[in-house]
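Chain naming follows the written order as A, B and C, and within any one chain the residues start at number 1.
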């Protein structure tokens, strides 16, 4: 009885599959880094930039493939350069939205061309699908050292600029008046964001890199008003949703209508959206409690 | 003297606020507020930040239904979108690259709420230019609106509120982002328009000093309660202490009035963390 | 001379009946996208205009799964995505809501793709655009949806302008900022749906962002900015079709790079003009 429940929850082979273990550990690493960087991305209103960086991966990967380079360099190169351009072109909120949009469309356009060349001259298909929709089960193990290395670098950079970043995210003018080099901090944060997002785009794809960057962070800052704690909570929410997603995707291998499994991206994205909506409902029902937390925080 | 008191009692008031209360959750933001404005009155609505000044304006505009009491405009209960009330909002944020001239912005006050695209009409632009002239803004009528200074934008907002020929003009903190000189200019301008067009003015400010010579009456708002009257009647230590519910002191120095203790520091358990501030900035 | 002519206007680019449909469909789409783009730029909602066409991709996949017309799948998904963004955006941060709705739609797209058996080239052209795949029947549907959108847009032009520039004054005049936003997002959804089959899900937003952004640097009046945006958008699309027809390269690439080029040109041209004649654009105003 208990056994059969266990088997419904965790389909046979879940814990013995090395692909599952790799997916669990890699997605946890991605969730932690995304959660930490994501809190700042959300507070600074850079969700669009965070998402765009993930999409740049399409161009980076197809360009690297065309040039015969390791995909990591394609992802990173395009992410860092385009990130710097976006940051330089957009200084005010509205200008930033537009600059991000134009740079993203240009880079995606170039990516379309690269993919066209890839498919025409090198006969690959399905590459855009993999990059766009991603899958935690398809991580190329040879990329893992690079991924971990640049993830570490992103977190290190975030810690180095932590306090001036927090200050200039609160109030740029005040920070600038107090001598914080806000422009430099902004560019450095964009670089950390680029590294974190590109790494997660390699591991889990553009779709999930956005989901794990924005969703958990946005939920976390509704519950806590301290940045450090928000980063921790965001990481936990990210890990929870991606592990739940992986579990469901694994279980879904023998679900109808076709026995080929439902994509893990679908599960993780749905779980995160659901949690986000729930977090709003909770706060709406408990307005009084929410206010109290705010005052105590 | 005699004439004035006759004028004060005879005509119906333009605006009557009767015992209005507004609650947000368990918090009473406005508590039994009553006031009356006659045509041509220049009234300053003064109070510390968070006193409920904007909320009171929203009630008068019909955007915030009061929990108790009612508001009447020329004897009729107010409704949303009343063209007899002009409104100058607290803050606007225009991108410097907004493809819009000052004239275009002001024209929105005339027919911005109508369906369809504006048809070319000489009458329309004449009305707009008249409003621009009333606020001395004709000089920069064709300038890109996003690149004008705060004071210049302020005048445009006043002009666009004047276009419907209102009887009552509500201005929310029009002076807060201006230097002292521009603040005095705006006060003088509003005062002149009030006289010329026999317009009742309710001007919100957290500092009463720039208004001292100009306003006919003051409404002082604190802790949700209000006192209305002449400056000398209202701005006294014992009157304000009663409003605040604790002792504040009114000090007059060199023609300026200071309310000491009025901007109460937040109690310790209500202090706002940096993080909250971050969130209010982005939201 | 002839060779240049033939390179630009390859034989058949105007006469081929397939191409005729393309020209018609693409022109409608370019006008609509240029018009709505004016408001996208004014309101700073490039992210939403990126998310809705891309999310509409899920609708195309669902349509393929159910065996119905792609355009309907696109319309249903991008319009519901738009309404969901408007509805959730009331409470939460807009950009966060857009990101999460987008991710959810794409996730559903992945699911539908997985369940259906769409061919890779089919998916590819949905993502990056296809100038040869438009039938006269599709042009008719595009024209209907496109014209309805343009009429709605012209009807709400003034109130939408008012709430976009001066939301609080507009509200005091009785307009509902929230309702106008819903109408706007609905229009972005419809525009996305008709533009995706031609320009592709990934690059449709470049037509809604870059031409209008370029126009906002060049024009001084709102009406002028909208007209200029339509002109740039039409020029990018027409040129892109010619180039794509000649080279066989994806049309989305040309649309994105041509319109981005217009943006950079406009932005840096006006920046230089301002650097040379600082404040020449307005008379001094002493206050």
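In this text, a contact is a pair of C-beta atoms (placed from the backbone, for glycine too) under 8 Å apart; a residue touches a chain by one contact, two chains touch by 3 or more.
As the structure is a prediction and not an experimental result, all values here were calculated from the model.
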On the document's contact criterion, could you list the chains that touch chain A and likewise touch chain C?
B
Of all the chains, which has the CA centre nearest the overall CA centre?
C
Dist(centroid_CA(chain A), centroid_CA(chain C)) in Å evaluates to 26
CA centroids of chain A and chain B: separation to the nearest Å works out as 45
Roughly how many whole angstrom separate the Cα centroids of chain B and chain C?
40
Which residues does chain B have that touch at least 2 chains other than itself?
95, 97, 282
Junction residues of chain C - those touching two or more other chains
44, 93
Which parts of chain A, given as residue numbers and ranges, touch two or more other chains?
45, 94
Which positions of chain A touch chain B when the two form their complex?
43-45, 92, 94-95, 166, 169-171, 221, 224-227, 230, 287-288, 291, 294-297
Partner chain A, residues of chain B touching it in the complex:
25-26, 95-97, 269-270, 273-279, 281-282
For the complex, which residues does chain A have touching chain C?
42, 45, 47-48, 50-51, 55, 58, 93-94, 97-98, 100-106, 108-110, 112-113, 115-116, 119, 125-126, 128-129, 132-133, 207-208, 210-211, 214-215, 218, 257-258, 260-263, 265-270, 272-273, 276-277, 280, 284
Parts of chain B lying in touch with chain C, wherever the complex brings them together:
61, 63, 80-83, 85, 87-90, 92, 94-95, 97-101, 104-105, 108-109, 111-118, 139-140, 142-144, 147-149, 151-152, 157, 160-161, 182, 185, 282-283
Where on chain C does chain A make contact in their complex?
41, 44-47, 49-50, 88, 91-93, 95-96, 98-104, 106-111, 113-115, 120, 123-124, 127-129, 200, 202-203, 205-206, 209-210, 213, 249-250, 252-257, 259-260, 263-264
